[in-house]
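Once you scroll down, you'll see the structures, which are given as structure tokens.
Next, two complexes with chain A in common: one pairs it with chain B, the other with chain C.
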Partner chain A sequence: MVNMMIDGKNVSAPKGTMLLESIRGAGIAVPTLCAHEAISRSGACRLCVVEIKKGNRTRIVTSCLYGVEEGLIVDTKSERVLNVRRLVMELLLSRCPESDVLQKMARDMGVAPQPRYAVDTDKGKCILCRSCVRVCEEVVGVSAIGLFSRGSYKEVGTPYNEKSEVCIGCGACAYVCPTGHIEMISTGDRRKIWGRTFKMQACPKCGKFFAPVDQLKFISKKTGTSMEELSVCTECR
Partner chain B sequence: MTKPISVAAKTRQIVKKHGGGKSGMIAVLQDIQEAFNYLPKEALKTAAKAMNVPFSRVYEAATFYTAFSLKPRGKHIVKICKGTACHVRGAAILQDRFETTLGIKPGQTTADGKFSLETVNCVGACALGPVVVINADYHGQVTINKVDKIIKKINEEGAQS
Partner chain C sequence: MNENPDTQARQIMDNLTLYYGPKKKFVAICAGTGCRASGSLKVKEALEAELKKQNLSDVDVLATGCLGFCEKGPMMVIHPDKYFYQHVKVEDVPEIISKTVAKGEVISRLLYRHPETQKTLFREEDLPFYKKQHRVVFGQNGMIDPARIEDYFAINGYQALGKVLSEMTPEAVIGEVKKAGLRGRGGGGFHAAVKWEGVRRAHGDPKYVIANGDEGDPGAYMDRSLMEGNPHSVIEGMIIGAYAVGSNQGYIYVRNEYPLAVTHLTKAIADAREMGLLGKNILGTDFSFDIQITKGAGAFVCGESSALFASVEGRAGEPRAKYVHAVEKGLYDKPTVLNNVETWANVPLIINKGADWYNTIGTEGSKGTKIFSLVGKINNTGLIEVPMGTTLYEIIYDMGGGIPNGKKFKAVQTGGPSGGCIPESLLDIPVDFDKLYEVGSMMGSGGMIVMDETSCMVDVARYFLEFLKEESCGKCVPCREGVRRMSDILEDICAGRGREGDVEILEAMGKAIADGSLCALGGSAPNPVLSTIRYFREEYDAHIRDHRCPAGVCKALISYSIDAEKCTGCGVCVKVCATKAISGEKKKAHVIDKEQCTRCGACIQSCKFDAIHVK
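Let's turn to the complex of A and B:
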């Protein structure tokens, strides 16, 4: 265990954990977009910044990636922290003006769209946090999507923007996306995601379409569970 | 003459040379580009499978580096350096001259498939600025008068062989 001072409170945390957890554990709110329990941390959204003090020096770090340290003095609401956070928010907002998640966050932080930043119209709601790519690789294990090109051209998608052969239509990417950029449309026995339409499996007991057939096949192949067993939805099983 | 070899077979050969896994990916992509002058979709797919790396990761790398091209390119690739030193010595005028002479913009290829025009940010030969690299030949202190001579020379060499 290490002992720290967070916003004037004495907090102890197990070694190897990240600052973000300690801060939230102490009941202090920190805005985040890309930190998700299902995937590894990346520090992409940069909203979780805090000011840390070691000796006589202070600096700004992303709390989601900064490991706890003995004797650390953390300030989560200093003027410097709020300035950085506001700037990050302003930039995110000018990239994705349509995202309601960002709009609400900005309102809560008292950030208004800044006329000095040209508003992007071609980026959708994507903030390039790579959460969807991570979940597809780390949790699902198919790596159907990626972030392609670079700089201002960077965008999320499937290679060549074609229908992916490896995508199983699970929708994990849409689930972890913090801003709602990834579109998944489920209508009856069909689900459309990444330009591909998946056939949904109907539960033989309740008749509900609960998962894409391709996803069940993938799970069956991976775990050895029979398709008959998987065809029954989790509620009826 | 070696007998023609399929894109997939050539790609597998290249991957075998560098070994599987993502650590050799850039080397593999470079060799594929050298073999086909660009990165064909089929080669990328085959390489991903042979290296045991997801196709999306390979495509990420292929689109990230400007040195890789996903479109077929001309036989001769004209790279105009637009780094700071070359820029102040008139790379923009040179680019203009190449564009009008070849009738293409950067990133395009002439209709006969002979020339592709590209701009690069620095080739590390600033003392020779403005630099134009054509295939593997570095042309230093290029002037607009030299542009036509260089292209003429390449055209003549091409006609002989």
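Let's turn to the complex of A and C:
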């Protein structure tokens, strides 16, 4: 265990854990958009920044990626911290003006849109947090989507924006997307995502369309479980 | 790992270099990228043919790397007299051989003429451009053909490696570099020995040694000129570093836009391998080390350490959080030393001449020399190497020869696109890592862009932010979105759409972007804006409040007019005007139609009477 001072409180945390967890554990709220428990952290959104003091040196770090350290003094609400968070929120609001998630978050943080920034109309609700890309790579293991282009032209998508042959239609990307940018439409026995339409498997017991056939085939291949077994939905299994 | 002094290594080294003493008579013709572009390879061929014709077989022709004074290319230095000839053409070659090479006579039309005294100067070291330089690293370029390892041997090449492997323990090597106070030449100025020590101590195997040759600053070409002109010095430095930290595998990361650097490095690595200086059991010791070249695709951000690692690993060049340092988890998450090309080239010198010698050069906190590329509105464009602590004034006026066309100096931008602009009032500061940081700029890798009164500082900031916006990797929000918005606002200001309060917004954004960005690209991207606001605030105000561009650059805010007193009605401007905006009777004062005029500046350049004014 290491001992730290967070916003004037003594907090101890297990070695090897990240600051974000200790701060939240101490009952202090920290906004995040790209940290998700299922995937590795990228430090892309920068909302979780805090100011740390080690010896005489203070600096701004992302708490989601900074490991706890003995004697660390952490300020989660310093002026510098709040300035970075405000900037990030203002920038995201102008990038994704239609995102209700961002609007609510901004309201909670007391941040209003910066009128000096032009409002984007072509970015949808995507904040490029890359949670979808990471879940597809790390959890699902297919890497059907990725990031392409650079800087402000950066986008998430399938290679060359063509229909992905490796996508299994599982929808994990849509589940982890913090702003609801990724569109997944399920109607009856069909599911549409990333420009492809997947046939859904109906559970022979309850009749519910519960997963794309491609996903079940993928799981069957990976785990050796038979398709018959997988064709029954988890509730009826 | 060889922990003991090994006299055998010294012997092998001596045998290897036995036949290569210093050359006596040779012509060094600059074949760096700049001089190649102005035709130096043809001159070289002519030199070789002419020597044959005149039966002077004992004279060697060296196609060297960059000699620095790029303004004067193609240039050559004729040894042993060290006569310096500039703007040499193929037609000059027979005379050069018959007079200067054969008889030691100078050809005065090829000599450099002092711009003020108009006196011709004979030798390289007499030229004001070279006089105050201290070319311990870069000067070697003029003594060798980079494609020939023998030439490097002849200037004591690989002697430092011989010394290290035969006399020094890895700890002693690190100790010497530490004592020398060598700081990273790539931008951060981090102490090289501290990195080395960290990697030596770090657990993890294998350990890697990398040279960062991803020089991406517009207008900067120091590292290119070292890789092209003296690749073995970089390689030797890396081998010594690898021995010190306990690494067997090295990489040189060089951008593919530097084809000559890639060619020369590839040849140098192959030659060193053949000589037993790279590969298994170097110089007969049990130390093995090899180097591989990784070609980058030219993304500016790949000069950042963690993005560089990603790129070498074959992934997209994006930085990652560096709370665990590269000395512990670098390339492939293994302990890694990453130093800039110029840093590596300093290492053999430190070993050969000793830390005490190195300490005599430079300032308290910054030892040794630094190579700068001096470009922009300056008379002597080129590469210079000066002791740390040389003042900006000396660089710009003594070596650089001041500002062309009698214009007034305005600012010098150091540290590449994300460096800061330094005004005239600070020209007396000694250039070192700490001083530049104090005044809101940085050393960077050594770019120096000089600006005169015709440069608009808002436009300069706009240009650099535009560059950085394009080069942001796009991973983190402050850099990807913030730099873009700053760039938009600057664009507005230059286009006459600036608003009251814009400067304050830019300042607040700049601070938050610097604090909040993931890597140093975003962290330093606001520098050009913040430093120009700090030193040239009045220019921002003029754009925003008075809709005026004092330097006459921002097209939306200026208009052209013809001075009726000065105009002779010669009509030259009429011919160059693409939009037919100028009219008038022959031999009478002309006028410009402001509606038609696109303010391209062609008329101004064509007017011999200085009759066209910009307001």
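Just so it is clear, the second predicted complex is superposed on the first by the 237 of 237 C-alpha atoms of A that agree within 3 Å, B and C clash if a C-alpha of one lies under 4 Å from a C-alpha of the other, contacts with A are read in each partner's own complex, and residues count from 1 in each chain.
Definition applied: a residue touches a chain if its C-beta (ideal position, glycine included) is under 8 Å from a C-beta of that chain, and two chains touch if they have at least 3 such contacts.
Since the structure is predicted, the reported quantities are computational estimates derived from the model, not experimental observations.
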| item | value |
| --- | --- |
| First (chain B), second (chain C), both or neither touched by A:101 | neither |
| Which of chain B and chain C A:202 touches, first, second, both or neither | neither |
| First (chain B), second (chain C), both or neither touched by A:143 | first |
| Per-residue contact with chain A, leading partner among chain C and chain B | C |
| First (chain B), second (chain C), both or neither touched by A:86 | second |
| Touching partner for A:26 - first (chain B), second (chain C), both, neither | neither |
| Which of chain B and chain C A:66 touches, first, second, both or neither | second |
| Partner chain in contact with A:158 - chain B first, chain C second, else both or neither | first |
| Partner chain(s) touched by A:2 [first = chain B, second = chain C, both, neither] | neither |
| Partner chain(s) touched by A:166 [first = chain B, second = chain C, both, neither] | first |
| Overlap of the chain B and chain C footprints on chain A, listed as residue numbers | 147, 149-150 |
| Chain A contact footprint on chain C (complex, rising order) | 299, 316, 320-321, 323-324, 469-478, 480-482, 484-485, 488-489, 499, 501-502, 505, 508-509, 511-513, 515-518 |
| Parts of chain A lying in touch with chain C, wherever the complex brings them together | 42-46, 49, 60-62, 65-67, 80, 83-84, 86-88, 91-92, 94-95, 114, 116-118, 127-128, 130, 147, 149-154 |
| Chain B-facing residues of chain A, complex | 133, 137, 142-150, 158-160, 166 |
| List of chain B residues in touch with chain A within their complex | 41, 44, 54-60, 63-64 |
